[in-house]
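Structures given as structure tokens follow.
Each of the two complexes below includes chain A, the first together with chain B, the second together with chain C.
Our next item is the complex of A and B:
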């Protein structure tokens, strides 16, 4: 027996044990709050008993219903459209702010960043109600326009997908800004200076240097907002006034109104599979871009 | 008259909120095709100086003229200067060739000509065939070459380099030092580089500007700066030195306390206090009791053997002298031994003189 082998292998073993002990609380929490519920959801989606989702036999009826009913296809398309529109505008409006925060030399930078994400301190429900006050038929916007006699009948700004989109854009913008800031790692003033030294004016510096280098951040922000928008429920429900159908509200309807838990579970699984594949494809593209 | 390519006059930069200017009334001129080193400790304003010439920092006042034309109001992208940044600042999303072609593209150079020029630039910096590489696939030295090629391909009026060798390891640094010099010679471009490394400045530059606390201390050829420093700062910043303080007793002669008469080169009013510089390697060992001027007899206090040279510290009458003596096969001085050092009057440089009331009018 030689000493080197004795001293070189055991520490690793010991570390592995320690690693497991340290990971255990987190893993247990994940198991209890995520993996077990997901397993239950998965089982429930195949259940042939409407109420007792635990028991019953196995059936594919709910999946067939979810996939063949054109209503659900329309809902899926609605959801997708909402997600794309919300992520587009949230990134479009958040990008200048994120770019400013990333590039500023101001000593207030920390404060400004905190301000930009401060809306996250209020719950989405509260902010949605805020938007209802602003965009409602007797809301701030319509009230002002009517008082100025610019319009006779109130504009339909809420209880439709326009209102839902506006509210979601504002609610999700801080996430977009945070994600973009995190993705702007390759931006540097020195690269901008180098481009200027080589004869690029400010517009060309933006198009040739800043935009390509901030693209990973833009895409990360867009993805995050997209995911949050398509899975959103409160805002489309409140701002849509029951007229905006997205997958989140549909799952809620099936589960609490129709009380068809297996169908709700099947819809959830379809949603999960559909959008996780979108995310995987998207991230693969993103990685290729970052190389 | 030499053709001055760059003329800087009374240039001042005070950053908002700063108590003292970063660059304080600096002026110099640089002939076409020469390479100037801006040398000084960190915070001396040399980088601000370079950035003002580049147009990346707006001067508070003063003028910068290039080819006789005032450029201090011209925006960066119209100055036609090449700049090699300390961290190279290569565009990570572009290939080596695309990086080099960037400046040509901005100038609207046609595709075919661009390809040709990029190829020649790659050859110039010995990166032939690496044009399709990604920046991350290049070594540190290759990135440096790519940055140089990118700034030279636009045929700049002036090449600026910010601490060009500081990011390279020691071996590569020597190689790139020679190479940058060679490229500059071959292209004939007027160049200014910033460094805090005196070896780099002495070996690369035609002309050296030493800066301290925003002020230009001295400008001259490396030899002038090393052998004839005009200020205390330059004398102590560049190279090692022994400083002697004394009072002049005649033309080129001073009385140094504890040592006696020391002959030097330089003009100082009779009776003024002077500071004299003696470089360690200009001191030589001589036979004890041999006649001549500038003899310092003393005891060897310390000996450091360094191969080609040995550094000895000699406590001579009132002063402690550092001397670098060439080594040879014979006997070398040892600690505790009595030795005599000598230095030629032309190797004793006057670095500072201030008039003081003569203590004894009879002298």
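Our next item is the complex of A and C:
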């Protein structure tokens, strides 16, 4: 009777060993590039010497400074608002494209999908500069409007949070499309046909069938874009004209301009904790929705 | 044919280096500064001291230099660092630089008091004035005063990156123009910044404060004089430099001997040369950075391009840098919160 249990253990153990071997390269890379720097950052955020980012005594000063300063709360709120706005619009604009790509029977589907994500082939910096040209005071939009005599003075489209939001939406939209495509697994034309046969018009089919079934994809896409938007630095910096204060730009300033590395580290950790919690809550909600 | 002699040449060269040749590593600013420094200071120095080779390593900014020096604090490979004065003072708090003495660096005696910082650990060697740049094609009447920044005709036509040393220097200037004293209060400076804030298109010009004037994206920009003069000469004169009559203050570059340097003697020989009148004059004439050594006599035309009109030259100011360095972060915070964030 005991033989089966005995014989079933060794293969399992071997299996686990193999798993570890297979995981080892990835885990080592993560340790070197993520976990160790994070540990360093964590230590630095408690350092009592502004200069000696690593080492020195332990102190909570920087966390107190970060948490008690209303300015940083405003910056955190700015960051959150930017993240929500960008993910909302990226999903809103990306959704029809993703839906089309998921449903189309065209033999060009592969090519079209590739086209939708092709902007990712260009770096975010280059695309941000593109938006600076389009939205600038003498850019394409203001130039055309002035040529048509619709406006006298250029509209302020860049060097503010509007410009940063527009650029981030375009830059992050391909990710939203990809994530939504992956999350649209449960969509099926048969269900739509069934609904239509039972007398639902197209709008009703969309509201009652397509939207609920694609909701997990939408939420995954929104989360992905949100995470990338709140941690973005280059685009808010280049498009914001110095007016967009988000946590990414603040950490950069503390680290490179005022050289207060421990405060920069503390701000990074606060950013990490704050938004990890947001993401955990969001994913809980998402899972409940899927059940 | 020539190749036959190559091994011989290599052998001779090797023999030459074996003969008490010393190498020192200097880290400093990059770009045009690096080219000028190499040509006008390092090369003449090497010609005068054939036994010392100077390797110049450009660094993107002083913060990066500081990070590197910190990493090597126990076992430095760098011997001399050229960095911004405020960063140098921070580095001195961590004991990264060694004190110089007049016996090894005789030219110290020719530096003014304000330039000998933190007990001769940090010596100012050049100053790059803050100036107003203008686009010569769109601005027919160049500004002459710092107050011109607030002229409504420049609405949305100014680029001003003030969340760094530029702001820390502009605050005392504007405070002085308003009749105040920066050591008492910088409130007048903050107020003056808010007066021209509505004219500012961007507080963070990209790619930098020079390119936005060159491209015509803005009319005016608050930038450093040295690079502006260089761009004026090399980019068809589109960039013009206005040095306000009320005078200016320079971003101060310092030279520092690294604590624990393996080549401290050779490094000090170099520092002495770099602080000397000959090197400072040559560097000032070609780079339009103001010299610090009191023995330097500038050609009036050069002085005009560094400091502006005789009136502006007369009004040139210096800062008590150790005093300012203590307030550096606080001042930037005030500019960010009380000027930029509300405009």
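Here is the rule we go by: the second predicted complex is superposed on the first by the 283 of 291 C-alpha atoms of A that agree within 3 Å, B and C clash if a C-alpha of one lies under 4 Å from a C-alpha of the other, contacts with A are read in each partner's own complex, and residues count from 1 in each chain.
In the analysis below, a contact is a pair of C-beta atoms (placed from the backbone, for glycine too) under 8 Å apart; a residue touches a chain by one contact, two chains touch by 3 or more.
As the structure is a prediction and not an experimental result, all values here were calculated from the model.
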Fit or clash - chain C, chain B, common chain A: fit
A:212 touches, of chain B and chain C: first, second, both or neither? first
When both partners are placed on the shared chain, which of chain B and chain C touches more of chain A: C
Partner chain(s) touched by A:62 [first = chain B, second = chain C, both, neither]: neither
Partner chain in contact with A:238 - chain B first, chain C second, else both or neither: second
Contacts of A:190 with chain B and chain C, given as first, second, both or neither: first
First, second, both or neither for A:201, with chain B first and chain C second: first
Nearest Cα pair across chain B and chain C, whole Å: 47
Footprint of chain A on chain B - complex, ascending: 54, 56, 75-83, 85, 87, 89-93, 102-103, 106-107, 134, 150-151, 154
Chain C residues touching chain A - in the complex, by the definition given at the top: 61, 63, 66, 70, 87, 90-91, 93-94, 156, 161, 163-164, 201-204, 206, 216-217, 328-329, 332-333, 336-337, 340-341, 343
In the complex, chain A residues that touch chain C: 49-53, 71, 129, 132, 136-138, 153-154, 156, 159, 237-238, 240-243, 245, 253, 255-260
Of all residues in chain A, those that touch chain B in their complex: 186, 188, 190-191, 193-201, 204, 208-209, 212-213, 291
